[in-house]
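You will see subunit A twice below: alongside subunit B first, and alongside subunit C after that.
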Partner chain A sequence: MHIVDGALSAPVLVSGAVLAIVGVFIGLKKMDYDQLPLVGVLASVFFIASYIHLPLGFSSVHLIMNGLLGILLGWVAFPALLVALLLQVVFFGFGGLLVLGVNTLNIALPAVIVYYLCYRGVRHESAKVAAIWGAIGGASAIVLTSIMVAFSLALSGESFVLAAKAVLPAHIPIMVVEAFVSYAAVYLIHTVKPEFITKESI
Partner chain B sequence: MSKLEHSLTSWSGQALKHQPSLIDGIDARVRIVCAGLFALVVVSSVAFLPALLGLLLAFFLVKMAKLNIKRTLRRVVAMDLFMLTLICILPFTTPGDPMFTLFGLAASWQGLAHALLITIKANAVLLVLFSLVATMSASTLGHALAHLKMPNKLVHLLLFMVRYLDVISLEYKKMRRAMQARAFVLGCDRHTWQSIGYLFGMLLIRSVERAERILGAMKCRGFCGRLYLNDEMKITLSDRFFGLIFFCFLILLIGLNIDAT
Partner chain C sequence: MKVILSLFILLIVSLNLSAHNVVGGVYVNGADIEGEAGFSNGAMAKVGTLVKVFDQSGIPLGEVKTDDEGFFIFTAKKRITHVFEINMGAGHTLKMLLPADELPESLGEVIVTQPKTTVKHSENSRGLTLMQLEKAIAKQIKPLRREIRALKEKAGLRDIIGGIGYIFGLLGMVALLRERRLKRCAQSLKVNT
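And now, the complex of A and B:
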């Protein structure tokens, strides 16, 4: 999921960075200082989600959960994910420094799209219906992210097209897992603390 | 897989463990700017020589920062395992002089060279980041970024995250231990996914409740939406010296690149 430094071409890097900066800027505009603790804590939860490695056949996948983050945070997902990815690259060596913009865009833009897609559905009064929307959000965020990763690779050169084509099928298992996990998470939140999800989001 | 640092087992909320070194004495801002410029120059290299020299400098800095070599290499190797797939794919997809053919597909030298170049660049950037930036504590990183004119809210977000990653990861571990005590084992079935979903949902709820308490407690202490960064960062002579040498090296790399084109 994290693209490393050196693989992408300069135009892709620059346009990714510019778009990510625009997204971060919009996110920061929408966020008050009062919401900082909430956003910081939620971003940390999603950072922790990537610790969770689920076994899958011979290997394992880790959760990304950008769909659910988008549903909760909307545009604020941009700054939250930028900071999370920055900490991951500096202290864990995930991804790269110059591709930070592209990586942020690839994960945060699907989150924002899912926010607009599932905003109403997740706030449905029936827990089951809301959970199904949560699952749709979780799965479609992964689909969108993998499409964007594939595009950023394919746009960087002819030789990456095969790798780009491999990205999509590789993400299908993660998509299925993420849909189930999101379903359960939304269902639980709806049952235990409905006001958290039904109140106006940030 | 569990032996690799890559699998993100915990967030210590601190700098990488290392012995005190010369690097620690250098101003945080100088280190960040140097690492950033280094990444820019190395990633835009077109030839092998500057990229290799960059990697050499990266090894030198790792040595100078007295990082634990074994642990550092383990992190980098995790990434290189991923790069290995790239090295396997690229020779077949890049047109050029054939190296060998496999099932009727020709592997080209150019593809291999491209894959190796990417590997060198990615490793060099990561090693420099580890030795220059990851050796400072995460909150110093936040303060330095604030002094480098990063937007205020973003810095605040970083500082909050650095603090709460620790707290929430403890919460997560506590809940996982409770699940283990009830004989829960991760598998590849719906039961696992549902349980992990519940775990995640519960983590979210607890964290949001915690965030409300944090805000309350901070307001009670007069928090008006701003943390004061009252540490003074001063550029000393040794910072200038380090910056100058680093800069000269980067100029050399740029020169080599221009020469290669």
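And now, the complex of A and C:
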């Protein structure tokens, strides 16, 4: 999901960056400053999640966790992910500085969509129902991210169907794992600290 | 161009996890330029991945294909800077540069220099030509190169902790600025009343 420097054409890079800046701006406007510690912890979770590669068959996958970030942070996912992605570029060399905008958009926009998609679901009284919505959110964030990655590649000259074919199958195992992790996370938060989720507006 | 790109994708559709960085290297072995391309998790580029070779101004010099270990050989014809471009699909492109001065002088653009250099070196190295010597050295340091590259790609615990530290520090700074602003607001309110 981290697109590297040099894979995208300049218009895609620029428009991605502009949209990401808009998203970050909205996120900063909507940020509730009492939530700062949560934002920090989740940004760190994302930062680390991409580093931990789980062996799966003869290859390996890593978690993205943008679904969970979206559920908990909403628009604030944009600034949180921007910071985390920037540090991933600096420390791990994932992606690149030029594509930072596109990468932020590709990962944070699905998070925001998931936030609205699961808004009611994760606020359900029953922890189980909420957790199932969490799992749906986790999985659909990955699907959306891979579609957006394929789309950005398509805009830069590769055929969309072929790019999607290359990106989507690779993300299926991540989707499954992510659904389980999000399920567990939402279940835990719902039981232990429901105010993280049930806060009316973020 | 589009057809070729699509072909790469088709080749890679099988199973390619896009989570990894692309890594690779090019080095000189006699008149040949050897190179490798792969992913940071140790997987190499798929068989038949096209490697395009350009000179510095973007004029194509030729194309080669990788073998099953992501390895390719390009025979340099001129002593100029070579640029290698590999597209491994799904946004994995790799651009590698081989500076002209790494290529043997005998490849000089001016052919006149060729006999001169070869004569000189065959005198010095007692039967071993410069080419042979370079080949032998290249062979010896190949595993070292690979190891250094792997080491470079590996981010350690220090990087992880450093990254988290940065995130927390940044948020701490935001909190601090916010706090100061709130305090100032409270003070000005007090003054007013």
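Please note the rule applied: the second predicted complex is superposed on the first by the 185 of 202 C-alpha atoms of A that agree within 3 Å, B and C clash if a C-alpha of one lies under 4 Å from a C-alpha of the other, contacts with A are read in each partner's own complex, and residues count from 1 in each chain.
The rule is short, and it goes like this: contacts are C-beta pairs under 8 Å (C-beta built on N, C-alpha and C of every residue); 3 or more make two chains touch, one makes a residue touch a chain.
Quick caveat, the model's predicted, so the values are computed rather than measured.
Student: Record, for the superposition on subunit A, whether partners subunit B and subunit C clash or fit.
Tutor: They clash.
Student: Which chain, subunit B or subunit C, ends up touching more residues of subunit A in the combined arrangement?
Tutor: B
Student: Using the touch definition from the top, say if A:20 reaches subunit B (first), subunit C (second), both or neither.
Tutor: A:20 contacts neither subunit B nor subunit C.
Student: Scan A:162 for contacts with subunit B and subunit C and give back first, second, both or neither.
Tutor: both
Student: Just checking: does A:7 make contact with subunit B only, subunit C only, both, or neither of them? Give me first, second, both or neither.
Tutor: Both subunit B and subunit C are touched by A:7.
Student: Give one of first, second, both or neither to describe whether A:44 is in contact with subunit B, with subunit C, with both, or with none.
Tutor: Both: A:44 reaches subunit B and subunit C.
Student: Quick one: classify A:53 as touching subunit B (first), subunit C (second), both or neither.
Tutor: The answer is both, since A:53 touches subunit B and subunit C.
Student: Have a look at where A:144 lands relative to subunit B and subunit C in the superposition and call it first, second, both or neither.
Tutor: A:144 contacts neither subunit B nor subunit C.
Student: A:91 in the overlay: touching subunit B, subunit C, both, or neither? Say first, second, both or neither.
Tutor: both
Student: Answer with first, second, both or neither: which of subunit B and subunit C does A:153 touch in the superposed model?
Tutor: The second partner, subunit C, only.
Student: Contacts for A:81 in the overlay, against subunit B (first) and subunit C (second): which applies, first, second, both or neither?
Tutor: In the superposition, A:81 touches no partner, neither subunit B nor subunit C.
Student: Given 117-125, 135-143 or 171-179, which one is the stretch of subunit C whose C-alpha atoms run into subunit B?
Tutor: Clashes occur only in 171-179.
Student: Please write out, lowest number first, the residues of subunit A touched by both subunit B and subunit C across the two complexes.
Tutor: 4, 6-7, 33, 36-37, 39-40, 43-44, 47-48, 50-51, 53, 60, 62, 83-84, 87-88, 90-94, 158-159, 162-163, 166
Student: Note which residues of subunit B are touching subunit A in the complex, please.
Tutor: Residues in contact with subunit A: 1, 5-11, 16, 35-36, 39-40, 42-44, 75-76, 78-79, 82-83, 86, 89-90, 92-94, 111, 114, 117-122, 125-126, 129-130, 133-134, 138, 141, 151, 153-154, 156-158, 160-165, 167-169, 172, 186-188, 190, 192-198, 200-205, 207-208, 210-212, 214-215, 218, 224-226.
Student: Within their complex, state which residues of subunit A touch subunit B.
Tutor: Result: residues 4-7, 10, 24, 28, 31-34, 36-45, 47-57, 60, 62-63, 65, 68, 72, 79-80, 82-84, 86-94, 96-98, 158-163, 166, 177, 180-189, 192-193, 196 of subunit A touch subunit B.
Student: Taking the complex as given, what residues does subunit A use to touch subunit C?
Tutor: 1-4, 6-8, 33, 36-37, 39-40, 43-44, 47-48, 50-51, 53, 59-62, 83-84, 87-88, 90-94, 149, 152-153, 157-159, 162-163, 165-167, 169-171
Student: Report the residues of subunit C in contact with subunit A in the complex, numbered from low to high.
Tutor: Going by the criterion above, the answer is residues 1-2, 5-6, 9-10, 12-13, 15-19, 21-22, 41, 43, 89-93, 95, 153, 155, 159-160, 162-164, 166-168, 170-171, 174-175, 178.
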